[in-house]
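Chain nomenclature is as follows: A, B, C, D and E, assigned in order of appearance, with residue numbering initiated at 1 for each chain independently.
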Amino acid sequence: MLNFTIRRLVMAVPTVIIISLLIFLLLDLAPGDPTAQLPLTIPLEVRDEIRLALGLGDPVIVRYFKWLQMMLVNEPLHALEQVTGWNVAPDTQRILSWQSRSPVGDIIAQRIPQTLWVVGMGYLFGILIALPIGIISAYKQYSWFDQLGTFIAMVGFSVPVFFTGVVLILVFSVWLGWFPSMYDTTLRVTDWDSFMRQVRQMVLPVSVLALFNAAQISRFMRASMLDNLNMDYVRTARAKGLRERTVVMVHVLRNSMIPVVTVIALGVPSVFSGAIITETIFRVNGLGALLINAIYANDIPMIQTLTFIFAVLIVLFNLIADVIYGILDPRIRYD
Amino acid sequence: MLNGDAPVLDVRDLKTVFRTRGGEVHAVNSVSFHLRPGELLGVVGESGSGKSVTMMSLIGLLPSPPAEVRGGQVMFGGRDILKASAGELRRLRGREIGFIFQDPMTSLNPVFTVGFQIMEPLRKHMGMRPEAARVRAAELLDLVGIPDARKRLKDFPHQFSGGMRQRVMIAMALACDPKVLIADEPTTALDVTIQAQILELVKDLRKKLGMAIVWITHDLGVIAGIADRVMVMYGGQVVEQAPVRALFADPRHPYTRALLQTVPSVRGERAPKLKVIEGQPPLLGAHPTACPFRFRCDKAHDRCGRENPQRRVVGAPGHDVACHWDPDGAGLAAAGLTSEGVVNG
Amino acid sequence: MTDVSRPEAEATAAKPFTPDQAFRPPRNQWWDVWDQFRSHRGALLGTLVFVFIILFVGIGPWIWQVDPGFIDIRSRNQGPSWSNPLGTDQLGRDMLARMMYGGRISVAVGLTAMFLGLLIGTLVGVLAGYFRRVDGILMRTTDLFLALPLLPLLLVMVLLFRDMLARNFGEAAGVFVLIVVAIGITSWMQTARIVRGDVLALKEREYVLAARSIGTPSRRIVSRHILPNVLSPIMVSATLGIASAIITESALSFLGLGFPPDFPTWGRLLFDGRDWIEQYPARVVWPGLFISLTVLSVNFIGDGLRDALDPRIRGR
Amino acid sequence: MADPARATTEPLVQVRDLKMHFPVSRGLLGRKTGAIKAVDGVSFDIMPRETLGMVGESGCGKSTTGRAVLRLYDITGGSIRINGTEIGQMSQSALRKHRPTMQMVFQDPQACLNPRMTLAGLIGEPLDEHTGWSRARKLERIYELMDAVGLNRNFANRYPHEFSGGQRQRIGIARALALNPSFIVCDEPIAALDVSIQAQVVNLLEELQEKLGLTYLFISHDLSMVRHIATRVAVMYLGKVVEIAPREALYADPLHPYTQALLSSVPDPDPETAQQVRRIILKGDVPSPANPPQGCNFCTRCPAVMPVCREIEPETREVAPGRFVACHLHDASVPTSIPTGGPTPGGASTTNQQGGSS
Amino acid sequence: ERERGSSGHLNIIYWQAVSTMNPFLSGGTKEMNASSIVLEPLARFDAAGELVAWLAEEIPTLDNGGVSEDLKTITWRLKEGLLWSDGTPVTAADVVFTHEYCTHPEGGCSYRDRFAGIESVVAEDDHTVVITFEDATPNPYIPFVGAGSPIIQQAQFQNCLGARAPECTDANFAPVGTGPYVVTDFRPNDVIQFEANPNYRVPTQPYFATITWAGGGDATGAARAVFQTGEMDYAWNLQLAPEVIEQMQSGGQGELLVDFGPLMERIELNFTDVSADLPDDERGTRMHPHPILTDIRVREALSRAIDRELLTEIGYGPTGRATCNFIVAPPAMASPNNDNCLVQDMDRANELLDEAGWERGPDGIRTRDGMRLELLFNTSTNAVRQDFQALIQQWWREIGVDTRLRNIDAGVFFGSDPSSPDTYVKFWADVQMYASLFEGTDPTPHLEQRRCGREPRPETQWPGQNINRYCNPEYDALWAELNREPDPERRQELVIALNDMFVQDFAHLPLVARGRVSAKSTDLGGVVMNVWDSEHWNQAEWYRITE
């Protein structure tokens, strides 16, 4: 297992390098220009200077290697320095955002908490809702609960998030005034009161995301449960005189969770990539909003870094999913 | 009859039906039999003849829907367990009636350790603490002949070979000292040498523990080796029942006869050509009003198409058959005799 | 007597529990699929709705001959009336016509992007599953595509290919091709993984071995024995693919990167109507409803198809 | 070998030292570090019109042997001559030409038929591959084959799931016959069938052999069926053939301790004898072919094991005319303390000794 | 009775979030606005567009001797006792440093053009700065004037010159300033926290103690937060459909602030041929005049066919005004002579095209000598612009002009990448629509853009702002006169004359003068909308209305 993990990790390195090159070239090829956001009053000569100052004068390949070095060496060192306080990265160059001219690493670090809170919670709640729905739907296949669950899951999947989001804001913020329509990233949770405010501002975005995630995961859960409910060992468990609850919740569930857990693991990178639309609607300035903002502003270093991190996470979680599979399923041996 | 003990299990007129898209499937039609303490009842019959369904209907293991037990009585411990509540049935299962299934590869839950799975009924039915249950589980593994039992409790099923898994299944079924053990083709998936191991084990355990066993199999050889009494099923019905020697010595039903002739043997004479039962198993679409074997039967007669033969006592004590044909008599059993000689297990 | 009845026993043995079907003449197995499909209530309803939608966008414009781009500025933001059954938008364009026209594009995007994704996904999946040598590289490529960001990709493609496509297909079709291709090539990975998994399993089936023992070459083994048997996961991917392509297109519209605003698609209409949700809720309800209905119906069809294509289920 | 037919004719199939190792890779870079020795040095001949039965426990390499002989695998070593042609190292494309002469019938009649092809398509597939015949010609041949195996012509348009197990196996046989092969490997053709159907298939195979002059390699773990159909029997254990003998000799007087145990394990459908026969109950399980024991493969379970067995691998030798066995007990050069030939050699664990524990 | 900090907390929402507090490194309006409450210039424009001394004691003029007679130098005097927010005094050296900072060749300063034509900036003493221009400069109020040219602290930025500028993240995010607020927390593109500057020169101001300057979301959400939920007090740049604003406003929680500056939405008509058949380095150059649009009758017809009032009503409602002028503000410089275009006149348009020899074909599209009257119409991707495109397409179709519409992502359209074929500068289309404006109140540089020779050309990598490649020697002569003229009255006349010449040539088609649109909650007082400077120019005076 360990061996397998290490081997896959080693094999992931070239993949990640190729991905980084592709992403870099792709974004470099992309049209658009960091100065497009500037007011038209700024003359073109000045724009040219700005472009040069941003480093656009160098050939692509030079910029790529510079970037790669900063991405793989300097940024991790800085992160280390920040965490530990050791002086390991004195004055090395960092990847700078074109928009804010500050290190992208710092901005990303700043965005992670709210992304995790909102998108992560959305994912978590999605899972928490999805599992029981999936289990019951499968256990009572074709019952009204199943039909309803299927229907809701499909609606959750088929209605665009920007539609549900706006409707929720209209109903709960504008008409009822229960929850704020905007997320306040500066809120510090220090006491009960601020905690409640944090909860209230999370309710809407989290429920939109949870609905969407729950829709998908509950389908997987249901299918997986159905696969396992007819297995021979279920009959064995029943023949042992176990309670139906135990049969389903211990024997069937444990087996059904194996594929579902890997599916869930594969979805985790999307938590880190943020939920662009939901974040935009509820003004949760997380990583998704950061990315789309960077795309609008042609802030290429930011886009490159974010997509690269995302790519690494995908590769990593693919691996994690495989490993989890091996851990959960004692039959699997990777060697 | 042979022996005076009251049966531990007495099944009368059991009927089980599956509702499917294609219509109803009458999988078990008025099956009656009994099981006496310490006895080993062998059940044979071709695939689909209703052996498994019969046994599973007894203790409500069939998925419902689509299965539905339509009628009959299953007397166990003095009451009709078909009428028992789900909770009562659950207390019977594993505690009073143990089950062993055919495929040891799939019948164990792959993600739990063998120890956990053996301990489950102990903790559930006997209320044992985990430590006590573990000790008992190790004893059980030891009993079924798995070396190094305590250590192997921590292993997962896939770490055992097929024969050992079947032993684990047996250990699990024996965990609570059930009065009745139902073994549904426990050796069919195993190799002959391993099968021999298991058969020896069962014989041995019977001697030690003395429970009553129902042993389902295709293999007449297995039956011949271990059974006290044999029940032959065909098309969801019991067609013949007899003490083992009587059945092999003097089969009365044409199906039983054919069955005995189709199997070649490693010992004895080698037949130049194998006997064949032509045709296909019957459809179970409706409750039978005619003999289900009539299309494949070389003794078939008009009456077989009109009337489903009742079981009647023939030959040796405890030997009964459901057939209109009578090899001893004038070829056909007298009409009057059948109704009189109807047996119920 | 025995002889007489034997053929019957023989003939009916095939489907032991369906005596009523015993004497049906032999027919194409797709009929069986259809029979099974028909008995799935959700799928049937889904098909009805989907057919309705196809008719609505397909032949609707011939019946309702209003130019979706025609601006009648005097009657803007109207509610439903006889001349505009679904009302009008902020320029007085007829919403019904726009829904039909937009639906055409949305459904077409869904279908073509799905086909494209399916094609690539199946190809990659089959190759990776069947030929061990290319498995590693193809699966790493799949990882790579999973990591590709759709939005920048789309922008790059717009830059690189728009002019060429516009020359060859015309302006509108060019954008269409771009979006479809972008969605298609960023959505095949799931299919590829599923197909690969299935092919890996199918490859070990005995009938593949049997074909090899006859001397069937690999490419025919794939086309004759493997592909038809991965059909059912592919079908399910297909229905999911249509749904997610439609949703992706609308999300792109939301981000301002999808079809241009003068190019009505359901996603675009929904996005444009979003601000008017309080005054003219119909502006969002209709496109929202149609998107959801399409996705829903296609999903239900997928469910039914999966059941219908699964011989184990069909056998019952 | 001492088959009576051998004096007059050349063997149709000649297998020498056949090896089929499946690589096991482990380690950081997935290097090949070991092998599952599924078949490890198997030799046998099959005379024309003869049936060689092959028995052994699950996983001992029977199927692998069968498949390797037909070159469905690229074999690790050894030679295979069929009809005088060496095909051991032939490339798969060159083999295509030779495929018609050698065919296979598979164990699971359900699994070996593509569920999405009609009966006509299934039987016709070999014809499509190897003949350029017209549709009508092919259909005629298909009907001919269906008649031969006893399938009603009306079934031509049906799908496999519409047939019973026995019928499906007939389809498999018809397919194998389509190209007029001379040699057919039957890989447990009856294992998946119900007892009442098994006899039908076996009879059909015998009939066809007589009519068409076929040669079979009949793989099975059902010793009684093998006794019925085979002329000679090879017993395999863990990738090796431990004993080959003419049928009657083998069943009457098995020489190898494994053969003895195997035969004694078969339950006899006769309560009179069944309850008296003294069984040799083997302990434990078959070792893994990836990691076979040193010396004789059977030494871990052998009731008559000797110290030499754990060191030296016994060679196959002809101990009586036509009888080959690989066991030190029958090797004159090895001093044995145990007399040979007895049905239950000393030290064997018998029924009585097999207790609840071991 | 209002004290510093007495109004408590203020919430501002910028749906386009602020990415840095150093306006020199961004150049965006949002960054300029945010930094304007921290960093201040010597003088700025008030709501009427009049100059007001800010950090300077007074506005230097010819009359008070602050501007030299030869119009080559201007002398600014700083107010006495000015302190940076860190308590150190503001000196002339800071002003000189600011010039140095922004003109550093590697710095990429966005407001470098503000310092164009300057020979030197010298600190005469601690409080006096003398700026010397290379040429006579009739309008010397560009450097250090307005929100785009504030003074930064030398102490803080002296190690951040040139290429090092971006690395001074702390300074860029929390500059030390003289304005009413100081940054306490800055998160790029997310949120800024301000608190009152303890060293602010007016002791009672600012009234708000703290400000949260939130960013992100979308315009609808921002408007909703002010108008409907009351979560925010002030929202900037609400580009929303008029009906939507109207509906939201009816809630009564907030009010709309609109004022009109020089921002004007227009259609540019290309005077050069952009046919794809031409080689790339000749495409869109004066070498090849446009086959259709060089005819003034066609241009006029296109203009006449447009109903500007309707466009305004649909696209901008109260936040726009139909216009026919190139220079739409300040009011004194807006020409009164061109109102006839405000009325759509299809008949006249048809007549003009008939005269020009364009005959209607069977499909209703005009042709001349086998050439179809067909135009490619580009603009950036934006809902209102696409509505305009659709409407205009329909109107033009009515007069027999076929229009192909194309919209381009704003990031590309307004970019300056010379290799992109889609920038508005390259203008490889027949007509294109966008809005532009000029800085401050002086349109001279804006008018200068339309001179001959200022057109973008491939040889020079497409710089230049004469987007439509207009060339009229009379215009050039008139502009030269304007550039020499110091007299304000005369300057106004000249501007109007230039404007009239340009628009009466139908060289481009003005459509709508667009206002700045913001919203404030009803209990926010002291807000004075200003289109000539930052909207937050008087942030210190904002207060909470309490009753």
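Keep in mind that, in the parts below, a contact is a pair of C-beta atoms (placed from the backbone, for glycine too) under 8 Å apart; a residue touches a chain by one contact, two chains touch by 3 or more.
These numbers were taken from a predicted model, which means no experiment stands behind them.
A.B. asks: So which chains are sitting against chain B and chain C at once?
C.D. replies: A, D
A.B. asks: Report which of A-B and B-D is connected by more C-beta pairs in contact.
C.D. replies: Counting C-beta pairs in contact, B-D comes out ahead.
A.B. asks: Indicate the whole-number Å distance between the mean C-alpha point of chain B and the mean C-alpha point of chain E.
C.D. replies: Computed from C-alpha means, the inter-chain centre distance equals 91 Å.
A.B. asks: Can you check how far apart chain C and chain E are, centre to centre, with Cα atoms defining each centre and the answer in Å?
C.D. replies: Roughly 47 Å separates the two chain centres.
A.B. asks: What whole-number Å value describes the gap between the mean CA coordinates of chain D and chain E?
C.D. replies: Centre-to-centre distance between chain D and chain E: 89 Å.
A.B. asks: For chain C, which residues are shared contacts with two or more other chains?
C.D. replies: Those would be 10, 13, 15, 155, 158-159, 274, 278.
A.B. asks: Got the chain E residues that touch at least 2 other chains?
C.D. replies: Chain E, residues with two or more chain partners: 409, 411-412, 420, 422.
A.B. asks: Quick check on chain D: which residues sit in contact with 2+ other chains?
C.D. replies: Only 164 qualify.
A.B. asks: Would you tell me which residues of chain C are touching chain A in their complex?
C.D. replies: Chain C reaches chain A through residues 42, 140, 143-144, 146-149, 151-153, 155-156, 158-160, 243, 247, 250-251, 254-255, 267, 270-271, 274, 277-278, 284, 288, 291-292, 294-296, 299-300, 303.
A.B. asks: Using the touch definition up top, name the residues of chain B that touch chain A in the complex.
C.D. replies: 59, 61, 86, 90-95, 98-99, 101, 103, 106-112, 120-121, 124-125, 156, 158, 169, 172-173
A.B. asks: Give the list of chain C residues in touch with chain E in this complex.
C.D. replies: 69-71, 73, 76-77, 90-91, 155, 158-159, 163, 171, 256-257, 260-262, 272, 274-276, 278-279
A.B. asks: Can you list the chain E residues touching chain C in their complex?
C.D. replies: 220, 240-241, 243-244, 247, 310, 314, 381-383, 386-387, 389-391, 394, 404-407, 409, 411-412, 420-422
A.B. asks: Which residues of chain E touch chain A once you look at their complex with the stated criterion?
C.D. replies: By the definition above, chain E touches chain A via 13, 15, 17, 19-20, 22, 25-29, 105-113, 163, 165-167, 169, 172-173, 185, 187-191, 193, 212, 214-218, 221, 224-225, 228-229, 231-232, 409-417, 420, 422-423, 425, 434, 436-439, 456, 461-465.
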